[in-house]
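For reference, the structures are reproduced in the following blocks.
Shared between the two complexes below is chain A, which pairs with chain B and chain C, respectively.
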Partner chain A sequence: MLHAQNLSKEYDSNLALNCLNLSVEAGDIYCLLGANGAGKSTTINLFLNFIKPTSGTAIIDQMDVSQEPLKTKERIAYIPENLNLYGELTGLENLEYFVGLSGKKYDDGTLAEYLKEAGLQANVYKQRVKSYSKGMRQKVGIAIALAKKAKALLLDEPTSGLDPKASNEFSELLVKLSNQGVATLMATHDLFRAKETGTDIGIMKAGVLVEELSAEDINHSDLEKLYLAHMN
Partner chain B sequence: MLSLNIKTELRSIFRNYWLASIAVLLFVLCFYAGWNGTNHVSQRKENIAQAVTAMKEADILMATQLDSISNGFEVNLQPWWYPTSPTAVGDQYPRVAAFHPTSLTFIATGQSDMFSHYIKPIMTGDSYTLGFTELTSPVSLLMGHFDLAFVVVYLLPLVIISFSYNILSTEKESGSLVLIASSPLNVSLWLLQKLSVRFVVISGLLSLCLGLVLIFNGNNFNAKSLQLFTTIILYSAFWFALAYLINLQGRSSSRNVIVMLGFWVVFVLAIPSLASQWANAVYPVPSRALLVNEMRSLKAEVVKEQDKLLDDYLRNHPELIGVNADSDESLRRTQQYFAAKDMVEQRIQPLLSTYNTNLEKQQTWVSRFAYLSPAILAQNSLNHLAETSSEHYDSYRQNVRDFAEQWRDFFLPMTFEGKIFRKEIIGQFPEFHFDKTAIRSPIPINSTVLLVLASGLLIVGFRTRGAHEMEKIMQ
Partner chain C sequence: MISILTKKELREVLRSGQFRIAGLIVILLTAIAVFISTGYYRSVQQQHYQAQNNERNVWESQDDKNPHNAAHYGTYAFKPKYPLSLIDQGVDKFVGISIFLEAHKRNEAQYMAAADQTGLARFGELTPDFILLFIIPLLVILIGHDAFTKERERGTINLIKSQGVSMRLLAFGKWLGVFIPIAIITVFVFLLAGVLLSSLGDFGQFSWNALLVMMLIYLAYYAIFACISIIVSCLARNSGIALVGLLAFWIVSCLAVPKAATNIAETNYPYPTKQAFDEAVALDKSKGLDGHDPWSEAAKQLEEETLKAYNVSTLEELPFNYDGFRMQKGEEHEAEIYFKHYRQLKEVHSAQTSVYRKLTVLSPYLPVRFLSMSLARTDYNTHWHFSDAAEKYRIQLQKALNDDFAQNSQYGNWAYKADKSFWAEIPEFSYEPPSFNEVLGENQKNIAVLSGWLVLAFAGLFISTKKL
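This part shows the complex of A and B:
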């Protein structure tokens, strides 16, 4: 579903991403680990077509992102570290708007179902989002992904700043989506969450994917050692 | 996406205190400006009414005096007030050549505070000096007081800037832009729709305020009102289109507001100011003092040769030879005066022509600059609708000059022929009618230019930041 082929990005002679190759298939949760500036967010931004690759190709559902930016965006949902919705609108209205931008239209009942599925409490649907916690906003983000019926999910440190309970709930939702066949590419610093949630783990350093492994094949302790070994 | 964008944008706008603040501000500004303009117009109407009343009272008095004289009574008056003398009547009982305000005059003071709204041309007056003035600053003459035109031309762009400078940058700074940009949409089109909603909201608010002000001033909605609304909406559209282009550059809110205020300074202040200064530098107008001095020296010269001048004059105007003025010293002096006056006007013509030509060149020069500044175009259109434009006052002065000649020509034959003025002639006095048909409306071309400018900015914005050029916006 998501493929990076020799993907590179250079900013003013600084190589932010160097010849990245990775694949995320339907149902996979691929966790990208790495220090700040390792190239995780650059990878996500290239898949979103927010930036152009210097070389190589980002492919979503067999389409080149650079060539078909609108068609590829029909197949994805994106949740950034801080999901900033419109504070003056309610959760339901935000969901209606951001799903509507993808050309999908639902009645309030259906939208409420998606919010419920994302784990948001029913009594806050019609509250203005400016009163929401970060965890609640991230759940609206998941509801957007559900309602968009996205084939792929791009997440940029989505659990950063969430309390453990909220973080755990978020992970459960990702697994649920994964079981529905959604391909997920998640940039994160959270080794524990990557091991618990991910199916595949990639470690990046200075724009290079230095390690790629299956989450099943490694335990928490070894993952931490491996990660630190690469960071040193 | 359009209906969704409209619905969401309206929800956001109406749930924000911003709209209420702007609505209150616009209402206050429009009503104060309307009240101010109405006061100015009321003063003008009152001045004209007073002059007309005084004229009518003088006519009644003159008729009474003429009745007394015809009944053999003696009237104790100085010779230059004696109503049996055509020259005295032509000088002491002039008509009021008034420039009446219209129902829309209150919207733009324009040049109305620079010139008289009524002139009383007299028989012995110098027609070439009627309503004469030096054009020291064509654009400062163009702009007026705190009236509706001031609110629209100067303040409305600031309101629009405050309402539009940060549409994209706020989304970017708050982080919601990434969610929008991750949707399958053209960000340029999405922004255009959001700006269009704001444009409609501001235009609607402004139209409502203006509509109420017009109604309170007793105006009906007609073609002129429609032109007024069209001009204002097109002027607003230009500023929104500029905001669109600047938003699409993907800069920060602070940078956007500085750039937009910079454009405001250029279009509203700098270009109009430069236009007038440049016009003065390129086409300096001869001093009015010089003109007056020239006129005086010419008068002094012609007085020395009055006898010869009168002979020449009567040779050119045989229709005026009626009586033998040699037997009447007073009549001869009057005839000499008019002959000399005619000669002065002929001799002053080259200097006057230079003066007028340079004034016209200045006006032409300034009108060319108008196309560089939407503010000048809008002001020009509003002045035209209010009938306070320089073209209206030029035309008014020309009409007054024509009337002054008509007035003089009415009395001159009676003077030269030594006729007695009688009460019955009062009803035959020429009347002043301001013929405005020669004034060309600048509104069609100004509106077209505003439309082209706004459309051009939108097209440039749309082309430079298409669906495939997100990188700069997202950086």
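This part shows the complex of A and C:
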């Protein structure tokens, strides 16, 4: 579903991403680990077509994102580290708006179902989002993905700053979506969550994917050692 | 898609305290301005009718007298006020409201409303046109300045972009989000003015067409400001910079360019001073026939030509009173001189207008201002039109009086008196301003420039989205 083919990005002769090759298939949760500046967010931004690659191709559902920017975006959902919504609108209205932008239209009842599925309490649907916690906003982000029927999720440190309970709830939602066949590419610093939630783990350093492994093949302790070994 | 974008923008705008407070202030100011203008208009209109009727009564109440004495006694032409002047007072307060019509002389309009005001009037007045031209664009800027900068500042722009929406559509949706609330306020104001004007019987001939076109012109003006607000918001780094940039645009287009245009026009094409104008007229008059001076060279020449034309040897033999005939010829000569000198003034006016027209490319305010005043019949063109109509009436009046004197008396009989019933036979001055179609025809260039602004503003709006 998500494929990076020799993907590189250079900023003023600084190589932010160097010849990345990776694949995330339907149902996979691929966690990208790495220090700040390792190239995780650059990878996500290239898949989103927010930035243009210096070379290589980012492919979503067999389409080059540079060639088909609008069509590829119809197939994905994006949740950044801080999912800022419109504070003066309610959760329901925010969901209606963002889903509407992707060309889908639902009645309030259906939208409420998606919010419920994303784990949001029914009593806050019609509250203005300015009163929402970060965890609640991230759940609206998941609801957008659900309502949009996204085939792939691009997540840029989505659990950063969430309390453990909220973080766990978020991971459960990712697994639920994974079981429905959604491919997920998640940039994260959370080794524990990567091991618990991910199916595949990639470690990046200075724009290079230095390690790629299956989450099942490694335990928490070894993952930490491997990560630190690459960081040193 | 557009409905979704617009719905969200409207929800945000209408829920923002900023808009509610500013909108309320604008509506309150507009209501006060309309109230004040209505009162002023009714008072002026009433004075106009009273003065016109009184003056006619005075004219018709003259006793038996020599028609040329009546010509010197004179009468007044009063400039009517028109319904849409309630919305745009234009230059009405700075040009006179009546012209004294007398023999031998074309007078300027006198009794400017501004002359009756104190120095405080220099600070400006709260009028509907002030709100429409200056305040509502500020409201547009207030709503639109952060249309995109806010999205960037709170990080929602990436979430929007990730949904696969076209940035042009997004920009258009944001434009609608700014324009629709402003359009609702504008339509409400004009509808209110229309209902008010059409329900007042003494408000003269009211045209819904002119009101509708005036409303469309203001809506185009706000559409341009809305586009520019969104463009600047799209390009600016943050909301503060966008606001400062837009306020600078407002200052330049609404204040600086119009004032610079006035200075440039007056410097390059100055009107002669009143003294110079009067001296030039007096000099030209002295070179020709003076109806009161039978001994001048011009009078002697006229006498010879007339005697020859009628094949008689003395003035007494002429089939009319030569004194009346000479008076009329004198009038015709003086009318030509005034025509020549006023045409020169009009040429200066046209040259000044062309300066304004050239500068309309720098400011959407200028074409809107001119169109609005023209439709309200409160511009300089209407004033010239009135002045010319009054002069035409003066010439006809003098001819009627001199002809009566010439046809009904004998040469040398200055004791001749026309019967007082004669005064009522002279038709009353009645003035029809340029028609709606004429106004539109005269303003084709302004309409073209405003349309150009609108097209360029939308082009800029769509091009600027490439920066997103």
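By definition in this document, the second predicted complex is superposed on the first by the 232 of 232 C-alpha atoms of A that agree within 3 Å, B and C clash if a C-alpha of one lies under 4 Å from a C-alpha of the other, contacts with A are read in each partner's own complex, and residues count from 1 in each chain.
Here is the rule we go by: a residue touches a chain if its C-beta (ideal position, glycine included) is under 8 Å from a C-beta of that chain, and two chains touch if they have at least 3 such contacts.
All values reported here derive from a predicted model rather than from experimental measurement.
Q: Using the superposition on chain A, tell me whether chain B and chain C clash or fit.
A: With chain A as the common anchor, chain B and chain C collide in the superposed model.
Q: With both complexes overlaid on chain A, does A:Leu101 touch chain B (first), chain C (second), both or neither?
A: Both partners, chain B and chain C.
Q: May I ask you to decide whether A:Leu92 touches chain B, chain C, both, or neither, giving the answer as first, second, both or neither?
A: Touch status of A:Leu92: no partner.
Q: In the superposed arrangement, which partner chain does A:Asn82 touch: chain B (first), chain C (second), both, or neither?
A: In the superposed model, A:Asn82 contacts both chain B and chain C.
Q: Considering only the touch criterion stated at the top, classify A:Ile51 as touching first (chain B), second (chain C), both, or neither.
A: After superposition on chain A, A:Ile51 lies in contact with chain B alone.
Q: Identify the partner contact of A:Ile142: answer first if only chain B is touched, second if only chain C is, both if each is, neither if none is.
A: Touch status of A:Ile142: no partner.
Q: Go through chain A and flag every residue that touches chain B in one model and chain C in the other.
A: Residues 48, 50, 69-71, 73-74, 76-78, 80, 82-86, 88-89, 93, 96-98, 100-103, 141, 154, which sit in both footprints.
Q: Where on chain A is chain C touching in the complex?
A: 48, 50, 69-74, 76-78, 80, 82-89, 93, 96-98, 100-103, 105, 141, 148, 154
Q: Could you pull out which chain C residues touch chain A in their complex?
A: Where chain C meets chain A, its residues are 1, 4-5, 7-8, 11-12, 15-16, 154-156, 158-166.
Q: Quick one: which bits of chain A touch chain B in the complex? Just the residue numbers, please.
A: Chain A reaches chain B through residues 45, 48-52, 66, 69-71, 73-74, 76-78, 80, 82-86, 88-89, 93, 96-98, 100-103, 128, 141, 144, 154.
Q: Considering only the defined contacts, which chain B positions touch chain A in the complex?
A: Those in contact with chain A are residues 1, 4, 8, 11-12, 15-16, 174-176, 178-186, 190, 467-468, 470-471, 474-475.
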